[in-house]
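Each of the two complexes below includes chain A, the first together with chain B, the second together with chain C.
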Partner chain A sequence: MLSVPCPWCGPRDETEFKYGGQAHVAYPSDPAALSDAEWASYLFLRDNPKGWFAERWFHSAGCRRWFDVVRHTVTYEFAPGVTP
Partner chain B sequence: MSQAFRRAAGGRIDRSRTLNFHFDGRAFEAHPGDTLSSALLAHGVRVVARGPYTGRPRGTYGIGAEEPNAFVQVDSGPGEPMVRATTLEVYDGLVARSLAGRGELSDEPDHSRYDKTWAHCDVLVVGAGPAGLAAAHAAAVTGARVILADERPEPGGELLAGRAHLDGRPAMDWVRDVHARLTGLPEVRVLTRTTVTGFYDGNFLVAVQRRTDHLGADAPAHVARQRLWHIRAARVVLATGAHERPILFPDNDRPGIMLAAAAAGYAWRYGVLPGRRAVVAGAHDGALWAAVDLFDAGVELAAVLDVRRLPEGQVHRALRDRGVAVSAGHGVVGTDADADGVLEAAWVAPVDGSPRRVPCDLVATSGGWNPAVHLYSQAGGRPLWSADHAAFVPGDPVPAVSCVGAAAGTFGLADALAEGAEAGWQAGAGTHGGGGEEPLPPATDSVADAGAPAACWLTSDLRPDTVFVDLQRDATLHDVRRAVGAGMTSSEHVKRYTTAGTAADQGRTTGVTTVGVLAGLLGLPVGAVGTTTYRPPYTPISFGLLAGRDRGRLLDPERRTPMHERHEAADAVFENVGQWKRPWYYPRPGEDLDRAVERECRAAREGVAMMDVSTLGKISLSGPDVGEFLDRIYTNRFSTLKVGQCRYGVMCLADGMVFDDGVTARIAPDRWHLTTTTGNAAAVLDWLEEWLQTEWPSLRVSATSVTDQWAAVAVVGPGSREVLRRLAPSLDVSAPAFPFLSVRDATVAGIPARVFRISFTGELSYEINVPAWHGLALWDALLAQGITPYGTETMHVLRAEKGFIVAGQDTDGTVTPHDAGLGWAVSTAKHFIGSRSLARADTARADRKRLVGLLPADPSVVLAEGAQLVVDADAPTPVPMLGHVTSSYRSAALGRSFALALVAGGLTLRGETLYAVDAGRAQPVVVTEPVFYDPEGARRDG
Partner chain C sequence: MADPRRSPLAHLAEPLAATGIMRELPYLSSFEVRGDPAEPAMARLGAALFPGPLLAASWPTAGHAAGTGPRYALWCGPGWYLLVDEPGSALAEAMADDLPGVSAVDVSAGRTVVELSGPHAREVLAHGCALDLHPRVFGPGSCARTNLAKAQVILHQTASTTYRVFVGASFADYLARWLLDAAVEYIRGEPVDQ
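Let's look at the complex of A and B:
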């Protein structure tokens, strides 16, 4: 069980959280201007690196805040310096 | 029966007390401290199991968690299948029996109590042998919070045999002193009878503590039988010891053949002779020291064999002092059994020489020690083959984890103590900052190795179908050869092909031996073949313990509305909707589901009926930007909604598929009341918060769940206006003053209420919301009006007659609003989540599955929900599927059955006949509009 570093509550058990996938995938400012391929890319395509990965978590059974972390997908280590 | 094999003195048993137990129907005696294995061996009982496939008799083989043979069924107490006799502590009244393979699960409920607990510590030390004790002590001295867990009843590990000395005193004195010091420290917890079974991500470990199993009938009622520990540890020290492995030879499974250190352990830890005349056969010094221990306990040594040829070392001198010579370059090549299948002689031979027969009742075999790397592997470590150790030892270090003592391949006592103390000190200082003085490990006599261990797997491969590589699975060398012959080269494949290593003991004694045999067959180095993967749990965990208190009604929270007790009093039949208990229907005496629903439907369509709708998800939204926010969330526009009005809305995920629907009201310019389906309440709140926090933080909106704060009753039917007029005399209920899709604050039956004029049935209806604590009073006031309560089944019939969908029943994550017939609720004048997806070519395809109605040709047939729809019921397979039935009921109003369905092509098939196929039967159905009742909507205003 991961110990997820919530920036508001401190490290808590993974079961308190929901996973939010890759971070920094902004909702397009004008979806209507995108081609089908560009829109599909936003909807469906995400990075899947072996190594450090910026991702979102939601402390659903805690403070109910979304935040970003950087986590290593092999060691599951969380990089220090998590910010909201 | 007398304990003929019990030594006169010694062992960690309490000879002043006698316990009585039964095994296979016979009465035996034991002493506190005995395991079932030691007690049976004390009586000379050799056969404790049979091979599951061969039926060959099997005896106790090991002394602890590694045991492959001696699994027994416990029939006393709560009963348990497949318990290791080697770790089963005898209690007065124990009843057990031998097994051949699997045990039997009781079909009685287990009334034992099981607990779960959570703990955090700086340092978790697994194993309280010498290295673990030294580590725990060194860590504790720094002031760190320490948990020391050991699977045995008392600390000491290998020192429990009682032969070693430390600082010139018996080593168990040191164990006792350290244990006493540890238990006296406030931040240290020592858990005995506690097996750490799993090492999970983030240094999260799970341990099973057996609290009362050893007490039998004396177990206090207030103490849970077992406790599951969830331990989060900053640092972990693995002092898990090592498992002895055998050397294989033909007929290596006879009762009387056991691991050498285990045999010596019975003699010294339990004061039990595992035999009277032994052949000891080994490939490392430890086997020879076991021979010394057996001799000193009174066992005659018929032969001591070592596959190695070594110059004389310390252990050889010790044996020579006892008049025993070591046969170098010798091994066991076969055994003979008596009429009961029990060992009576061993065939011993020099390498490639001719064998001679040696009568004996014990063959003590030891091919070396396998470090217990299970938890290290689970933590992400990879064991590596070490030729020096002739064993797989921990490879690269895992962060925050150290392996010490035998678990790290450090078998010497002095080295293990020093390694443990150092690791404990580092772990404690690393987490706690240090303090105190680094303790020195106790002094021990140095023992010089005579030579390095040999990697010896088998000493004869004649009759390979009797060379057992897995005793519990009856898997043999022949099976491994067949696997290789079939082309397998991976130990994982061979494991699955032969089943070797897949039994309850997980191949703990012979897993590495099998790898060695495989490497030999493949002509590869052992390290190149590698071990199979070690997965949790280390030893089996009962389902009862995993469930803990979460059983029966405590399995999942049960949510009840404030009116629940009235539903119970009305003999409602309940159904589960998520965690909610909802009345399904309210049968009157003599009514079944169909009759009750027909009556309830008639009341709603012709008179007045009511339903407890408190379970609907409710979210209070406030802030000046709620309207803008809802425009983005819902497919239709909300910002234009006036105070006092409400509107039905559909929300999509970004892929354009229907997610949820419901009615939202504007209570004040900046306060809104949003409703969701019962099952989606939490998911919708999550969804709203995600967008507010991550994409649109500039929107001034806050969202709060108020599902539990409001109780609500839908009052439905042409008579509902009159009911409301009577109960809320100050409210103008006339149609012009209180039109459809509006909301009013009012006093209803003396209760402050918020009344929505909305309809999920097509009838004139009102949903009266009151603060939850008034819900029961409201229900009672409505009951007093003689209104018929109805349940979810009637609700479904009424809404389906109108073609109203239920998100999640008539939609499944692949359905757009247009597919669901909700295109009228989709705005083309604004952007919303999912709108871009609705502009994709795929979502405009003509052959998408769309909502239609179905009328079975036989009006008495209620189609199965989920039934597949096809054009030609007799078409050859695979039959093209056009869609499936999503909702299906019998309608009192229509006087027939009907259904909703998703069908490719949708209403272009109107009037066509399809077939609904379920359980091999095809029912003809005609495709219709999905609105069956009052298509003009004339009944909405009463």
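Let's look at the complex of A and C:
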């Protein structure tokens, strides 16, 4: 069980959250100009690092806010005080 | 005419009372309020709800309740509060003014409240709540939106050994039966059949 640091509520059990995947995936500025491959890349392809990863979480059972954190995918450690 | 209402836990009043720990507080008034506490309209609303120099315009900070007596506000999230008062209170009258940027919705019928009190209240809750409820972390005036036995609740500690659990009406039966089961080991004698 992860203890996820909500910036508003403090550390809470993982079961109070929904996972939102990789952070900072920007919506294309001109989606119509994208090729099918580029659009598929935007929709489906995400980084999968062994190490630190900026990701989104939603505190669904608590303050119901989305926020970003940096988590280590091997140690499951959350980077303290990092607001990516 | 008799009161035609039936509270969500009316059918469990007897077993709840038999525990000596729990009872339902039905029909409390509650409003969900959203607004930036730094905005003048929120300050005006705070002053209207909590007259007096001490509490005027002070909305609760994260994890806390604000107010004294039966009327108080619980912090739910940034700019998000649950106002609570006794059944049939005039909460709506305080919101009669034009309040730009503030949203207030009467949600009184959406939830009921289970009150747990006495020396075992904290232990019963701890059976199904992952929060640290030790007094050094969670004391009187603390509140949290969290999960209790898989039900989404708002937990509010009102006194040193008294807690209010706000739960959706449709989850109340499940949660009350879970609480009755969790409390069995703290009850003298035989529990009342549910």
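What we mean here is this: the second predicted complex is superposed on the first by the 81 of 84 C-alpha atoms of A that agree within 3 Å, B and C clash if a C-alpha of one lies under 4 Å from a C-alpha of the other, contacts with A are read in each partner's own complex, and residues count from 1 in each chain.
Here, a residue touches a chain if its C-beta (ideal position, glycine included) is under 8 Å from a C-beta of that chain, and two chains touch if they have at least 3 such contacts.
Since this is a predicted model, take the numbers as computed values, not measurements.
Enquirer: Looking at A:65 after the superposition, I want to know if it touches chain B, chain C, both of them or none. Which is it: first, second, both, neither?
Expert: both
Enquirer: Tell me the contact category for A:39 with respect to chain B and chain C: first, second, both or neither.
Expert: A:39 sits against chain B, while chain C stays out of touch.
Enquirer: Based on the superposed arrangement, let me know which partner A:9 touches: chain B (first), chain C (second), both, or neither?
Expert: Second partner only.
Enquirer: If you lay the two complexes on top of each other, which residues of chain A touch chain B in one and chain C in the other?
Expert: In the superposed arrangement, which is not itself an observed complex, chain A uses residues 13, 64-65 for both chain B and chain C.
Enquirer: Report the residues of chain A in contact with chain B in the complex, numbered from low to high.
Expert: 1-3, 13-14, 18, 20, 26-28, 31-32, 34, 36, 39, 42-43, 56, 58, 60, 64-66, 75-77
Enquirer: Using the touch rule from the top, collect the residues of chain A that touch chain C in their complex.
Expert: 8-10, 12-13, 15-16, 59, 61-65
Enquirer: Residue numbers of chain B touching chain A in their complex, please.
Expert: Checking each residue of chain B against chain A gives 200-204, 230, 232, 380, 399, 654-655, 686, 689-690, 693-695, 831, 835-837, 839-841.
Enquirer: Which positions of chain C touch chain A when the two form their complex?
Expert: 62-63, 76-78, 80, 130-131, 144-147, 152
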